[in-house]
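For reference, the structure I am asking about is given below.
Naming follows writing order (A, B, C and D), and every chain is counted from residue 1.
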Amino acid sequence: MVLILAYAAVLLSLASGLSALMMHQRPALEALAQAYSRLFPEHRFFRRLSTHYLEQNRYPSTLRQGAFALLGMSGVLAISAGLAVMLTQQVLTDQIGLGLPWLPWHMRFDGLSGFFFLIIGIAVLTVSLYGPGYVEAFSEDKQPFAPLGLFTGLFVAGMLLVLLADDAFFFMIAWEAMSVASYFLVAFQHENPANRRAAFLYLLMAEVGALSIVLGFGVLASFADGFTFDALRQAHLSTSWASIAFALALLGFGMKAGIVPIHVWLPEAHPVAPSHISALMSGVMLKVAVYGLIRFCFDLLVEVHWQWGVVLLILGTLSALGGILYALMQSNLKRLLAYSSVENIGVIFLVLGLAMIFMANGYPQLAALGLLAALLHAFNHALFKNLLFLGAGVVQHQIHSLDIDDMGGLIKRMPKTSFLFLVGCMSISSLPLFNGFVSEWLAFQTALQVFVLDNGVLRSLIPVAAAALALTAALAAACFVKVYGLVFLGLPRSRNSEKAKEVEDKGMLLALEILAGLCFLFGIFPSLVIALLNPIARQLLGQALPNAEATSWLWLAPVTMDQASYAPILVLISVLMAAGIAFRYLRRNPETKTMRRTEAWDCGFGGLTPRMQYSSSAFTMPIRRIFAKVWLIDEQINKDMRGASELDVASIHYHLQIQDHCWPRLYQPIVHAINSLARQVGRIQTGNIRVYLGYSFVTLIVMLWVVSL
Amino acid sequence: MNWLIAVIQTMLFVALAPLLSAWLKWCKCLLQNRKAPSLLQPYRDLIKLIRKQPAVAEQASWIFTRSPYIIFSAMVLAASVVPLITVDLPTTASADVIVLVGFFAFARFFLALAGLDVGTAFGGMGSSREMTISSLAEPAMLMAVFTLTMTASTTNLALAMEHVLNEGMVLRPSFVFALFALILVAIAETGRIPVDNPATHLELTMIHEAMILEYSGRHLALIEWASQLKLMLYGVLIANIFLPWGIAQALGAKALVYGLLAIALKLAVLCALLAIAETLVAKMRLFRVQEYLSFAYLLGLLGMLSHIILEASR
Amino acid sequence: MNIEQQDFYTQAILSMAALVGLTSFLMLGQGRLLRLIFVFALQGLLLTLTTALAAYSTNNHHLYISAFLTLVLKVMFIPWMLRRQVLAMNMHRDVEALKNNTALMLTGASLMVFSYYVLHPIVLTSSAIMLNALAVSLSVVLLGMLLMISHRQAVAHVVGFMSIENGLFFAAIVATKGMPMVVELGVAFDVLVAAVLFGIFFFHIRASIDSLDVDRMNRLHEVDQ
Amino acid sequence: MIAAYLVLLIPAIGIVFFALNGHTQNCGRLNTRFNALTLAATVWLALNVLNNGTLLSAGKALIVDSFNVYLIVLTAFIGLTTAIFSGPYMEHEKQRGKLTEKRLKVYYSMYQGFMLAMYLVLVTNNMGVMWVAMEGATLATVLLVSLYRTPEAIEAAWKYFILCGVGIAQALFGTILLYYAAVQIGDADYALSWSVLLDNAGKLNPEILKIAFVFMLIGYGTKIGLVPLHNWLPDAHSEGPTPMSAVLSGLLLNDALYAVVRSKMLVDGATQSNIAGLLMMVFGMLSFLVAALFLHRQKDIKRLFSYSSIEHMGVMTFAFGIGGPLATFAALLHMTAHSLTKSAIFVTVGHAAQLAGTQSMEHIRGLIKTQPKIGWGLLLGTVAIAGFPPFGVFTSEFLVLVATMHSYPWLAPLLLLGIGIAFAGLFRHIQPIVYGEQPEGQLPIEVNLWPVMIHLALVLWLGLAIPDFLANWFSKATLLISGSMPL
């Protein structure tokens, strides 16, 4: 029954994709409807269909809404399937007679899959609410709906199938379907060469990652008989082979998840897709990669080694710090959000690394704590990153730009959006009362359990990682202060943002509202999710959280009440009380209750202009100075001099370009190597037939010599 | 009963915060051969500000006008979870030390937003600098605090203090490091010399003042009060974590009075020391602050490492 | 087994093998096209004789047909056609300057030795004559390739190509007393068509590059300029 | 067995018919009909084989077993779909003045000639006849390659002719050696009959067979396009008319590989070792890697895909070389998937080149905007050929990889590296072609893309699920070639 729900979710998303293909079939549909209305004149439905829904002008939007409605239903089903399987704590398996003759597609639906189903479901549901309003602005000429809808459906179906897959072959099919479909979505607005480049980079890295995953499975499979995950679980690997498999899986899944230094596709690809797709990619697809890694490491590889945990820990720390530092420097809103995804994935990896270390050292309970923190953060990140991407989409929709330096003052013009976006910013900055804080708090709690370990390396490494995590959180707050402050506060920096209006489409706002509401809800009642997660930890690690109170509605106390506790609801009540008292008390005098509106202080020069405000690069300048080594900074200030002795400055041009270190260090050498290798190889084909004959001749001689040995 | 004490203690915190900053100013004046204002001057200032009608810039949005309340209540909340005169504090369970840092972050987030809201250059400058400095200070603070929490194997502040108390007089190298780290962070976070100068309004050097330049009336009062609270919070943290002696462990009237006296004494001495330091040291350039804070961070890390490597009993 | 102990047929075959090998060498060192074609015709003639000899000694009648086909195709038709082309294109006075003629000859000789070396396992199952015959035909094949590699004229390439066919044919006749008839006919047909096609191509090549120098046909390549 | 004769007879009639009438208006359609007829005959043949097992004609001249029967059907199928495409295509070429009526005659006649040669290669039981037919295929196509009579086309055809001629001559030497070994042990009449040879393979002299195999591998390998013998292939593919490129890539290469595999089976039987397989693996891997690198340097769109063909033939040769049941199954599947995909790609490429008026990739731009069907067809085809699931090429490559992991794990990274490089090479060229703005002056043309859709749908089907009858077929062929069933 639950499995049927899951299948139905997949099928509906496929159906949504296919229905998008009907965009150009209106005449055929109309003819069909007319034929039916002639056949069944008593049924009003068909006539109404042809006169109303299939009418020339209305058809496109009807179809769009239909496609998104199907997608939304798929989301709802995914949520219910996920919840059902987690609540009933079942493990469902099934086989579908597709695939290879001796290897049908194996399906398995357990708590872990269910949890990620839930994540995807929520995201898909909100996206489908948001979508119709968002794509309304796309002209059918330039940005046809058919491929967009088709690949969105395929993309969602691919992600869901990855979660269901229970054999390596099917897993790869679903995985690649997800990658390819999202590639087409990234390339959707392909008029811009930069977008094409991003799409190519994305597909290339997805392919490399997929190959690495295949190889990882291959290593496992060569010690097992068969490709089903059941068979792979039985594989007995030596430590070194297991480590190779782990490394391959890490490379593959890490590439998709976007950990530093294999993250470069992410900030390129995510921003260029339409916003609701970026939301799905950043909010959900990365989580599927996390799922893959968890499945591979904690489920398929029987034994984990602490060295792997250290690798994850280091990579996670690097990604978290690198991601947020790069994010800070961006002035493209979606690019910034994409980098911030790198950061959050880093946090997840870091905590997973902790879980692995505890697991390998024989503390499954603490490992469960880590795993839980990681999963919770994945969940939370999906919520707030979706919210932020969709919010960015709204802003883009209204002011037709993504450059932060074109924005400003939107809080007055778009009050609802700005409020919801603020919730997202607070969540992602992990401020108390919001969901981001809970997972971060759990991450710290996990790290603080380091004293149980014996190994000196670990004992000193983990605190450093925790410190880096703290730095990351603080920088994230700085980053999102910048985002919110520059986008919504202050004065408008361009005519477009001056003229901006609140978005009218209810669906778009509703999507944001749902996500913001969930961010807040799970910030106050984190136990709702944690209670769902506990059985997963038990399933994977054989242990759940030690403390029964961990899941009580009021307190969050993962280890023991003595060690740490957090009661967000009490905090909320106290805040409301304190603020309320202050508010009432201070405004009791009716004379001073109203505020006097005046001009802002302008140092007496007169006339504040928006150009006097801090810009994105100005805001981050101190950080840029402090962490200068992290980026490749190209900063130029050109002054146009004027006057007799050229001492007056007529105008100043400031140019700033910030680049990833990874490009020149890692990627360009590879590109260069392949190109020069190709050039070398090209030299064998000279165009002269006598040389070619010579090749045949020499080959023949050599081969004859070889076999006569 | 416990909860009542907790509420009273919080109110005490809020009430005494201006006094502490007045004491600090007093000490400083004394050291600098100036005539000190009355110890009650901050209260008078607050009352006067509250009575005034606030003037708000035209561009300001609700963020600007609501932020003072949010900041103030975040600080009040922080005050409610830091043991002042007794460790028997039920509120500490609802928010541990990490959440405490979270409260600070919360307040800072809105303060920085408020700075950006009006759209003047000063606000942006202040916010930018504040976020930079705090993003360096926050990890240093967490490091220092983690040293304590790992020693006590709890992040609950009251329990941690109790642990230190019960352990008796133990000389821990890690605590020395952590203490210095925390002091450095506290100076940075509360905007004291050498990181920031609370008395300056020179545009190019100010940080905290730049953000609140546009505030007036009750808004300004709340923000000033909140920053006084913050100063006191840091003071109490330092005093009670590293020198918890004197704090009440049970709820007797006598113990509570002793606790109050003890903390008053500790804070008085601490602030006097701060005043001396502020008198002796000059303000740093902005881009020296990173060195200062990374030193604090290093100290915190060293404290943590020395705890884990030297002291942990395994 | 020494040669004096063999019967006359074998002795004759071996002599033919030697002569065929010799013609291959002659072709390899030949820079003049008309002489090249002449030596090629000579090789064809030797092949015809060998085939006839084999047909006579084994009393295998279909080999006579093969002999006849060889005579017509390789002694008459192809040389005639090539000669006509050379004369028509006025190339009969050109002498192709072969670089390193000595090295070429030495390579040819070592190829012969190599052929013996490679085919040596055959001795295990059969006589030394077979080895001789097969080794000579292999070296004719290899020398044909070497001819193509060393000569630049398309005509020489055709001659080389056909001489490779000769080598194969020789092997088929000597070692196996001829292939099955259907194969023989098929091969002959292929050779015929190939010859015709070569004729067509000469025409086209000349039309396109105004010469028959294959080195000038190098538009399609993968090398950076 | 009548079906088998029919399969040969119909194209034979076709040659003569088109030689006489090849210039008429509806020749394209007639060509399609001829191929459709042949396809019907092959399906009949296939049904026979499915029901009765291996068929051997009187005199053991023809053999149809589970290995070749599916190749026969595939050949007929691709022959048909390419013929469907080629009608309007050639008409368009004629209208643009690139071809005269006389050449159309040659084209249609040789199309049938080529098909005949292909069928003959497949059905004959005689290794000698196989050789003759293979040479015949060269001769039939060489005039097609030079059909446009441009200097490049002439050059390409000449190289094709000479290199394949010399190469195939070596295969004949190998055949002669095989014959020589066979007459030593038995009846000269059937000494080249593959089925007889296979039965007696154990008695054949292994040393001679090894040498014979070298010759055959190099000979037929030239036609497969194994590096370093491949040099003719990109030239011939790029300069000939596109339908020719489609059948060359889709059929000729397969058939040459088929010949090598048949030889390998004999050699394996005689030597009882995997020496033949090792040689094939070396060549396969080399071709695969080198062709993958070549992909990066291409400027001509058809040349690009011909290198991709080399790459895939390398994979198949490699897989057959590994030799286990899994690898063999994978290779058979790959043959099918690659043929279908590649011919579909060439169809779209042909249209794209006609649309842009050039084969130079720099000038083909914005296909999706200009003519979405061609653009998407090309893009999806490229996705399929690059080995992305759920297309069939992925399935087979996955299985090859698995087999490699089992037998030669250290080669697996190399294989994946090659796949990655090849993928990058393909996409860096195809992306700018399909995406972007419509270039000025390029207008949509009339196209028939049913072949593409059908092919891609079939490949998709192969990737999602291998139908039972096909799986049976592959399994039987695998049993025949490798001696055991896959899993």
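What we mean here is this: a residue touches a chain if its C-beta (ideal position, glycine included) is under 8 Å from a C-beta of that chain, and two chains touch if they have at least 3 such contacts.
Note that this is a predicted model, so its numbers are computed, not measured.
Contact tally for C-D versus A-C: the pair with more C-beta pairs in contact is C-D. Averaging Cα atoms per chain gives one point for each, and the point farthest from that of chain D is the centre of B.
With centres taken as mean C-alpha coordinates, the chain found closest to the middle of all protein C-alpha atoms is A.
Mean C-alpha positions place chain C and chain D at a centre distance of 31 Å. Averaged C-alpha coordinates put the centre of chain B at 78 Å from the centre of chain D. Distance between chain centres (mean CA atoms), chain A to chain C: 69 Å.
Averaging C-alpha coordinates per chain places the centre of chain B 100 Å away from that of chain C. Multi-chain contact residues of chain C (touching two or more other chains): 118, 121, 145, 148, 157, 214, 217-220, 222. In chain B, no residue reaches two or more other chains under the touch definition.
Contact with two or more other chains is made by residues 158-159, 162, 166, 170, 211, 294, 297 of chain D. By the contact rule set out at the top, the touching chain pairs are A-B, A-C, A-D, C-D.
Those residues of chain C whose C-beta lies close enough to touch chain A in the complex are 114, 117-118, 120-121, 142, 145-146, 148-150, 152, 157, 214-215, 217-224. Interface residues of chain B facing chain A in the complex, by the touch rule stated above, are 50-63, 65, 69-70, 72-74, 76-77, 80, 91, 93-96, 98-99, 102-103, 105-106, 108-109, 112-113, 115-125, 127-129, 131-132, 134-139, 142-143, 146, 149-150, 153-156, 159, 203, 213-214, 217-218, 221-222, 286-287, 290, 297, 300-301, 304-305, 308-309, 312, 314. Taken in their complex, chain A has these residues touching chain B: 408-409, 411-412, 426, 429-433, 437, 441, 444-445, 448, 450-451, 454, 456, 459-460, 463-464, 466-468, 470-471, 473-475, 477-478, 481-482, 484-486, 489-491, 555, 561-567, 570-571, 574-575, 578-579, 582-583, 586-587, 589, 591-592, 594-603, 608, 610, 612-614, 618-623, 625-626. Residue ranges of chain C in contact with chain D, taken from their complex: 118-119, 121-122, 124-126, 130, 134, 137-138, 141, 145, 148, 154, 157, 161, 164-165, 167-168, 171-172, 175-177, 179-180, 182-183, 186-187, 189-190, 193-194, 197-198, 200-201, 204-205, 207-209, 214, 217-220, 222. The part of chain A that touches chain C in the complex is made up of residues 679, 681-690, 693-694, 696-697, 700-701, 704-705, 708.
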